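Residue numbering begins at 1 within each chain, and the chains themselves are lettered A, B, C, D and E in the order written.
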Amino acid sequence: TPKDELVIAIMMTTMRGLDPHEINQLEAAEVVANLYDRLIALPPDNIADPQPSLAESWTISEDGKTFTFKIRQGVTFHSGNPVTARDVEWSLHRLVKLGLAPSTDLRQWGFSAKNVDELIRAEDDHTLVLQTPEVWNPNLILYSLASYSTSIVDSVFLATKEKDGDWARNYLQTADAGSGPYSLVTWRSNQLLIADAFKDYWKGMPAMRRVYMGHVPESSAQRLQIDAGDVDIATRLSSTDLAGLERDGKVTVQKVPGFGFYYLALNQKDEILSNPKVREAFRYLIDYDGLANSVMKYYGTKQQTIIPAGLPGASDAMPYKLDIDTAKQLLAEAGYPDGFSKVYFAQPGTPESEVGISLQNNAAKAGIKLDLQIGDQIGKFRARQFELFSSRTGERLPDPHAVLQSYATNANNADDSKLAGLVAWRSAWDVPKDIQDMVIAAAHETDAEKRDALYARINEAYLRASPALVTSFQRTDPKAVRNEVKGYVGHPTWLTRWDTVTKSE
Amino acid sequence: MSIIQTSETSAPRKSALPKAAGKVVTSFVVILTTLLGLMMITFTVGRMVPADPVIAVIGDQADQATYDRVYKEMGLDRPIYVQFAGYLSDVVHLDFGQSIITKQPVSKDLARVFPATIELATLATIIGAGLGIPLGVIAAVRKGTWVDHVARVVGLLGYSTPIFWLGTIVILVFYAYLGAIPPGGRIYLYDEGIVQARTNFILIDSALGGHWDVFRSALHHIIAPAVILGYASMAYLSRMTRSFMLEQMRQEYILTARAKGLGQRPIVWRHAFRNIRVQLLTVIALAYCGLLDGTVLIETVFAWPGLGSYLTSALFFADMNAVLGSVLLIGIISIAINLLSDIVYRFIDPRTR
Amino acid sequence: MAKSGTFSNLHDWLISEEFTSARQARLHSIYLAWLSLLANPLAFAGFAVVFLLVVVAALAPVIAFHDPFTQDFAIALQAPSSVHWFGTDEFGRDVFSRLIYGARTTLYITILVTVIVAPIGFVIGATAGYLGGWVDVVLMRITDIFLSFPSLVLALAFSAALGPGIENAVIAIALTVWPPIARLARAETLTFRHADFVIAAELQGAGTGRILLRHIVPLCAPSIIVRLTLNMSSIILTAAGLGFLGLGAQPPMAEWGAMAASGRQYLLDAWWLTTVPGIAILTVSLAFNLLGDGLRDIMDPRNG
Amino acid sequence: MSMIKAHHLAVSYGHGEAALKVVKDVSFEVQKGETFGLVGESGCGKSTILGALAGRNKQWTGTLEIDGEEIGQKRTRSQLAKQQLVFQDPFGSIHPRHTIGRTLLEPLEIHGKDRRQERIEKVLTDVGLPLNFRYRYPHQLSGGQRQRVAIARALILEPKILLLDEPTSALDVSIQAEILNLLKDLREREQLTYILVSHDLAVVAHLCDRVAIMQSGGFVEVATRQQLLENTVEHPYTRILMDGSRGYVSERRKSDSAALPA
Amino acid sequence: MANTSDTILTVESMSVEFPTLSGVTTAVRDVSFSVGREKIGIIGESGSGKSTTGRAIMRLQPPQAIVEASRMQFEDIDLLTATEEEMRAIRGRRIAMILQDPKYSLNPVMTVGEQISETVILHERATPKEARSRTLAMLERVNIRDPERVFDLYPHEVSGGMGQRIMISMMLIAQPSLIIADEPTSALDVTVRQQVLSILDDLVVERNIGLIFISHDLNLVRSFCDRVIIMYAGRVVETIAAADLDQAQHPYTRGLLNALPSLDNPKDRLEVLRRDPAWLEN
C-alpha cells in the first residue's frame, strides 16, 4: 500500500449507518471516532484518565452535580463552520432525544428528552453547562462524554439537511458532519469506506492522507492480504490465523482489551436451570484452558469474576476449571443424575460458535444434551424465550459500573418490566438484593477508595451467588497490524484513531 | 403410418408465444401473478426469519423503550397482510423502501450491486457458452470416443464441484501460493474512487473514462470468479448441447443431408446445429438464471459486492425491504430473460414464426 | 465374469425371454439393466461410489476408529498422520471419523429430500399434465413461481426462515427440488396423455387416479428416476452450500459442507480441513451424476 | 336388430372460435353381427366417428343409440364396456411397461370382474397367443402379436361391438392376413358387430358388408360389398380410391395403350 | 423398356451385420443383384433388410454396421474401396436417395430452396444465383406451380405430397444415374401417391436412369416397377420381372400374394403365410 494511505480490512456486515447517535457497534464506532471529536478523550494507554479534547478544560461543582466545560476555540468542522458550545448542546440533545441505543450513555444518569433542554445548556459560544439529576461518580459522567455516542456534530450545517424534524437523521446515516481528523469520502455498505485526512484539523493534518476500510469477511483472506501487504491492518482474523501471522513476524497482533465478557445465560424461568447446583455445574463444563490456548487465544483472557481486569475491584481468582466429575456430582445433588436436554442458542461466527460447540461437547459428557442452534437468536434472548444462550458483551465505559449494571442489576424481574437492556433481566435472574444495592451505591460513590473496596466486595459476592450468567473470558478484540504501521493503537472503548498513525519504510 | 409425437413434447416450460393481442394480456397477467406470488412467498419467509430486524437496527444492548419505538417506526406492529399491502402499494409507486443495513433506498443499493452481479454472470455465461457449446457438439459428433468420455467427465465434474469450495481452493492456490490473482473484490481498494460511476459496470465505466489501469484491475479481479462460474455453466451447456445434438443427429433429415453428399462439418453445423439453436437459447437463458444462484456462494468467497452477497446478508439480518427488492429483481430478471429468449426464439425458429 | 456352471445357468435363465413367471420377467429386465450398467464403466464407477457411500454410512461406527465428536484442544489442527488419517479439526476431532459419519448425514439428507420430492413433484406435474385446463394453469403457475427463484436463494431463504437444523434444511431443499420434477412429470405426462394405451384405459372406464398411478407412473418413472439421481448431486451441493452459510446441519453433527466451511478459517494452516470434505462432496456428487447419466442411457434411451 | 344407430351425428374439436367441425351430419345404422366400413383419405374424420362412438370424443351432437340404449356424452362404466376400440398402431396402443398379463388384467380390475386368470387365459387362447405370453413385455412381441393382444384386451370385457381403427395398416401383408382372419373368426364366434376403418378398399371389401366412403367429414356414398366387388360404385371419388388400392396407374401407359384390362 | 441390360450397379454377396448386446444380427445376408436403367422394386416384410440394403449401397449404414460383399460396383466405381471422400462426391451427385416421410427427412429450419440448391452448390460449385435458377427450374419440373414462392417456404409449410416432390427435386437436381427410393409414398394418401409416383416415373424414364424402389406394397411394386427383388429375413429369395409376379415360384412370394385381399379376386379366407425354416438357407 502507498506510504501515506492506510488500508484496514474489516468485516463490514454489521456497519449500519454512521450516525454517531444511532450506531452501536465496534467497526462503525471506529469510523465515527475519526470523523468526529468529543469533549473529552480517553488515551488508549491510560484509559481511566480523562483528557481535554474539544473541551479545553472543565470544572465540577462542589455538590458534584454541575459540570462546566470550556469549549476549545478555533476548531472548525469539515464544513468550515466553527465548533461552538451550541453544537455541543445540540449534539447532546440530539443523542438523548433521538433516544436510540447509544443514548443510554447519557440516559442512564437520569437525562431524558424532557429534562435535557434544561440540564444541558450552552451558556455562551464557549461554555457548556451540564447538570446531573443525581450525584454520580464524576468519572462516570466524564467517561460518557468521551464515548463515540457523545460525538459533536455540526448543528449549523445539519440544519440545512434536516427534513421533517428528523434531526438530519436520514442524512447522517451515510455522511459526516464532524470536526474529526478525517472526513468521509465514500461508504458503500459491505464493500468499502474511504475517508480523507482533514487538512484543517486542530491537531494538524494527519499523516495518512487517505484511509480505506475494505470489507473482507474471511479470516483467511484477511490473513493472505495482510501477509501480502495488500492491507495494513486486519481486524477479523481467527486465532489460528493470528497465531500464524505472529509466527511469520511481519505483523504485530494487538489484543485490545474490552470491558465485556463471553457469557453463558441460563434462563431462570426454567425449573432445572434455576437450580443453583445446576448453574454451578455449568461453570465446571467450560474448557477454560483448552479454549484459552486455541480459539480464545486472541479473543479473550480467562476471567471468572465479574469485574473486568484492569478496573477497580478486579480480582484474578480462577476457582473453576473443566471438571466433568464435579459437574456430574453437582447435577446429581441437584437431582439430575441422568442429566437433561436443553436447547442452546449460540451466536454465529468465531469464536462464539466454537465456544458453544466446546460447551456442548463437555455438557454431553456430563449427561446434558444440548441441542445447539447456531444463529442470530438475540431476539429470543431479549424476549426471554430461550433455555441456554451464549454470546459476548462489550461495554464502553472504563468503569466496573457499566458491566455490573447489566450483569448484576435487575430492579424488576417481571416479564412486563421489560428491562431488556440488562442481561440479568433477560436471563430472568433475580439478582440478590444486596448485590444490586451495592452496585447502585458504588455508582453514586464519589470517594475513590471506598468505591474500590465496594467493587471488590461486589466481585466476591457475585462469584459466590453462582450467577445465572456464567462468565468465562473477558473480551479482547484482536487487531493485526503490519510492522511498518506505527501509532495505530486499538482503543478499549472502540475509539481507535487514525490520526496518530504513521508508516515507516 | 404411425402416430409420431412431435419433438416439442418434451420441451420444458416453453410453448409457442401467444399470437393474438388477447394472449399478450394473458401473459402479462401471468407475469404479474408470478411476481405477486414471488413476493408473497418472500414476504412470508422474511417474517419467519428468526433474526429480529429491530435489533438489527438498534443493537443488542438497547433498552425496551428504544426497541418499542423502532418497532413501531418500522411498522412491525401492524398485521402482516397490512404490511404486505403497504409494501405492494409502495412498490407500485416504485418505492422499494430503505434497507436497514445500508440505510439507503433499496433501489439505490440494487442499482449498485446488481451490475456487479450481471457483469460477473454475463462474463461467466460467455465463457461457459463459448467453451461448452463447441465441446458439447464435438462430444455428440464423436459419441462413444475418448473425446466424448473426457467431455462427459469434465462436464459432470463441473456439475459436481461445490462452487464455494472450488473458489476457496482457487484463492488458496492462485492467490496465496502463486500470487496470480487478487484476493477478492471488484478492484483494488486503492483504485476505488477513481472511476466515475455511470453504469456501475466497472469494466464499462473504466473504459468510458479511459482509466485503463482500473480496467485492468477490474479484469484481473473478475477472471477467477467468472471462470469458476463459467465452468459450472460450461458443464451444463456442454451436456445439454450434447444431448440436443445427439437427438438431432438421429433425425431423418441428417440422413437426407448425408445422402446429398454433404461432409461431416456442414451436416453438423449447417443442419443439426441450426436446429438446436432455439433449444440452446432457452438453455443458455436457464443457465444464466442459474448463475444468479452460483453468485450467492461465489460472491461470498470472492467478496464480490453483488446481488448475491447483498441478498444473503439481508436475509441473515432480516432486512426485509432489501430481501424483497432483490428477490423481485431476480424474479423480473428471470422472467425477462425467458421472455426475451421466447422472442428471439420466434425469430430463429421458422416453425414458430 | 467367470462362468461357472450355476452362474451361466442363472445367466441363461435371466437372459431368456421364454418367461414362465412374472418374477422371471421382472428379474430379466433388472438383469438386463445391470448388464448395461456393467457395460458402461463411468456409470458403474458412479454406482460403485454410491454403493460404497451406503456401506460406509451403514457401517460408520465400525469404520470410524475414533469418536467423531470427542474434542481435545491439545491435539487440535494436527496434520494427517497414521493416527489421524485426515488430521484433526479445530476441536481436535478426528477428521476421518467425521468424514465417515458425514456420509450418514449426506445420505440422510439426499434420501429424505428425494422421498419427499418424488411423490409431490410427480403428483403435481402429472395431475397438471393429465387434467389440463385450469388445474394445469394453477399448478404450473405455482411451479413457475418457485422456479423463478434461483434455487439456492430459495433454499437459503427457507432454511433461514425455518431456522438452522437438518430437518429444516431438508424441507428447504425439498422446496427447491420439486418444481423441476413437477415440470418433468408434466412434460412426460403430456407425451403420454394422448397415447393410445391411455385412451384405451380411459375407454374402459379407468378413473384419473388409476391412470396416473398405474399407467403414467411406470412411464414417467425412468426419466424421473434419472432426474432424481442427477438431483441427488445438486441436493448434496445445496446442502453443502447451506452448511457453508451456517444453515443446515448443526453441531456436533458431522456434515461435509459445514466441515468444509468451518475449515476455511484454517485454510492456511490446516488445508486438510477444507480439502478433504470438499473432495468427499465432489466425489459423491460426481458419482451420483455419473450414475444418473448412465441410468439415462440405460433407462431412457430417448435422451441418448 | 340394429346395434348402432347414429342420427345426424356431428363431431367437433376445440371451443368457441377455434371450434372445428370435423364430422358433419352423418347418419348410419349398423345391424347386429354386421361389419360396417369407413374409408377415406387421411384427415377426413374416420377416427373421429369411431371416437364419438367409443366415448372418446365428447363434443358431438345428434343422437347415438347403442344396443338399443340412447347414449349421452357421459357414459357409465357398463356403457363403456359395450364397445371397445382397437387402434391402428400396435406399438403405441399397449402400455410398454406392463406385461401382457397386466394389460389384460387392467380392464378386469376396473370393472371388478371375477375369475380373472381364467378370463385372461380364455382370451389369449381366443386370439391365438400362447398362455405364457402373459409374462412378456410388448417389446418382446412382434407387431402382429401385439395387435392380437390389443384385440384380446378389447375382447376381455365381452363387448358387443368392436371399433377397429385401421387395425392392420401398420402390419405386413402376411400378418394382416392373420389378423383379418382372426377378426372374421371372432365375429362369427362371439356374435360381434364391427365398425372397421381403413384406407385400403380391398381390406374393407374383404371384411365389410357395407362401406361408407368419406370425404372431408361427410359420407359421399354408402356402398355395399357387392358394389365394390362388381365395380359398380357410383361416386367418382370411390373409383379413385379403388384404383389406388390396385396400385400405380401409369399416365404414360394409360395414354400409350388407352385400354387396360379391367 | 429401355436399356435394361446397361448395368449401373452390381452387388454380389453383400452382407450387413450389426453387433448387439445379444450377439451379432445379420440384417442382410449374401444378397446379389444388379440394376440397370430400369425401375427395380425391393419388397419384403418389415425387417427383411430392404432399407439396410439401400443404405449399404450408399455406404450410409450406421457406424457400427459391418458391410461385406464380394463386389459392389457402381458404374466405374468400386464402392467397396471408395474412400469416404469419394463417396461424398458420389452421394447426391450420382446416387441419390429419397426417404419415406418428407415431414422428417427435410431439415425443418432451412427453406426448401436452400436445401435444394445446397446440392447443386455442393456438387457443381454453382454460384448461389445459378443454384437458385436451377432449383426453380427443377421445382417446376416436379409440377410445383409457384416455385418462386415455394422456394422460400419452410418444410412445415408444405403438404406431404409437395414435400415429397421437393425431396425428389432435391435428389434429382444433380442428375444422378441411380436413385434409391425407400418407401417414398407410404406416408401419402392414395390420390397424392399417384401424382408423386408419376412424376418420379416420368423423370426416371426421361433421364434414362436406374431406380431402386423399396416398398412393402405388392400391388404398387407390381404396377410401378420393371423388376422385383423379394427379400425375406435379409436374403433375396427371388428376383422376377414385375409382370410375371403372379407366376412367382418361391413359396414365400406366393404366400405374400395369396395373403393379399383383393377387390378383383375376393376370397372368403385369406391364406396365411406358413414360414419354412428352409427359406433361411441359401
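In this text, contacts are C-beta pairs under 8 Å (C-beta built on N, C-alpha and C of every residue); 3 or more make two chains touch, one makes a residue touch a chain.
The structure displayed is predicted, hence computed values, not measured ones.
**Q** Could you tell me which pair, A-C or A-B, is linked by more C-beta pairs in contact?
**A** Of the two interfaces, A-B and A-C, more C-beta pairs touch across A-B.
**Q** Farthest from subunit D by Cα centre, which chain is it? Let me know.
**A** Following the centroid criterion, the farthest chain would be A.
**Q** Could you tell me the distance, in whole angstrom, between the mean C-alpha positions of subunit C and subunit D?
**A** Averaging C-alpha atoms per chain gives centres 47 Å apart.
**Q** CA centre of subunit B versus CA centre of subunit E: separation in Å?
**A** Centre separation, subunit B to subunit E: 51 Å.
**Q** Using mean C-alpha positions as chain centres, tell me how far subunit B is from subunit C in Å, no decimals.
**A** Taking the average C-alpha coordinate of subunit B and of subunit C, the gap between them is 24 Å.
**Q** Among all residues of subunit B, which ones touch two or more of the remaining chains?
**A** 1, 3, 50-51, 172, 176, 300, 316, in rising order.
**Q** Could you say which residues in subunit A touch two or more other chains, in rising order?
**A** 218, 220, 224, 375, in rising order.
**Q** Would you pick out the residues of subunit D that each touch at least 2 other chains?
**A** 89, 92
**Q** Would you pull the subunit B residues touching subunit A in the complex into a rising list?
**A** 50-52, 54-67, 69-70, 99-104, 109, 112, 171-172, 175-176, 179, 182-185, 188-190, 192-193, 300-301, 303, 305, 309-310, 313, 316-317
**Q** Please give the residue numbers of subunit E that touch subunit D in the complex, ascending.
**A** Result: residues 45-46, 189-191, 193-194, 197-198, 201-202, 205, 216-224, 255-256, 259-264, 266-267, 269-273 of subunit E touch subunit D.
**Q** Can you tell me which positions in subunit C touch subunit D when the two form their complex?
**A** The contact residues of subunit C facing subunit D are 17-22, 24-25, 29, 195-197, 199-206, 210, 214-215, 218-219, 221.
**Q** For the complex, give me every residue of subunit B touching subunit E.
**A** Against subunit E, subunit B makes touches at 1, 4, 251-253, 255-263, 270-271, 274-275, 277, 348-351.
**Q** Going by the contact rule set out above, which residues of subunit A touch subunit B in the complex?
**A** My answer: residues 1-2, 5, 7, 13, 16-17, 24-25, 99-101, 103-104, 173-174, 185-186, 188-192, 194, 212, 214-218, 220-221, 224-225, 228, 230-231, 375-380, 382, 391, 393, 406, 418-421.
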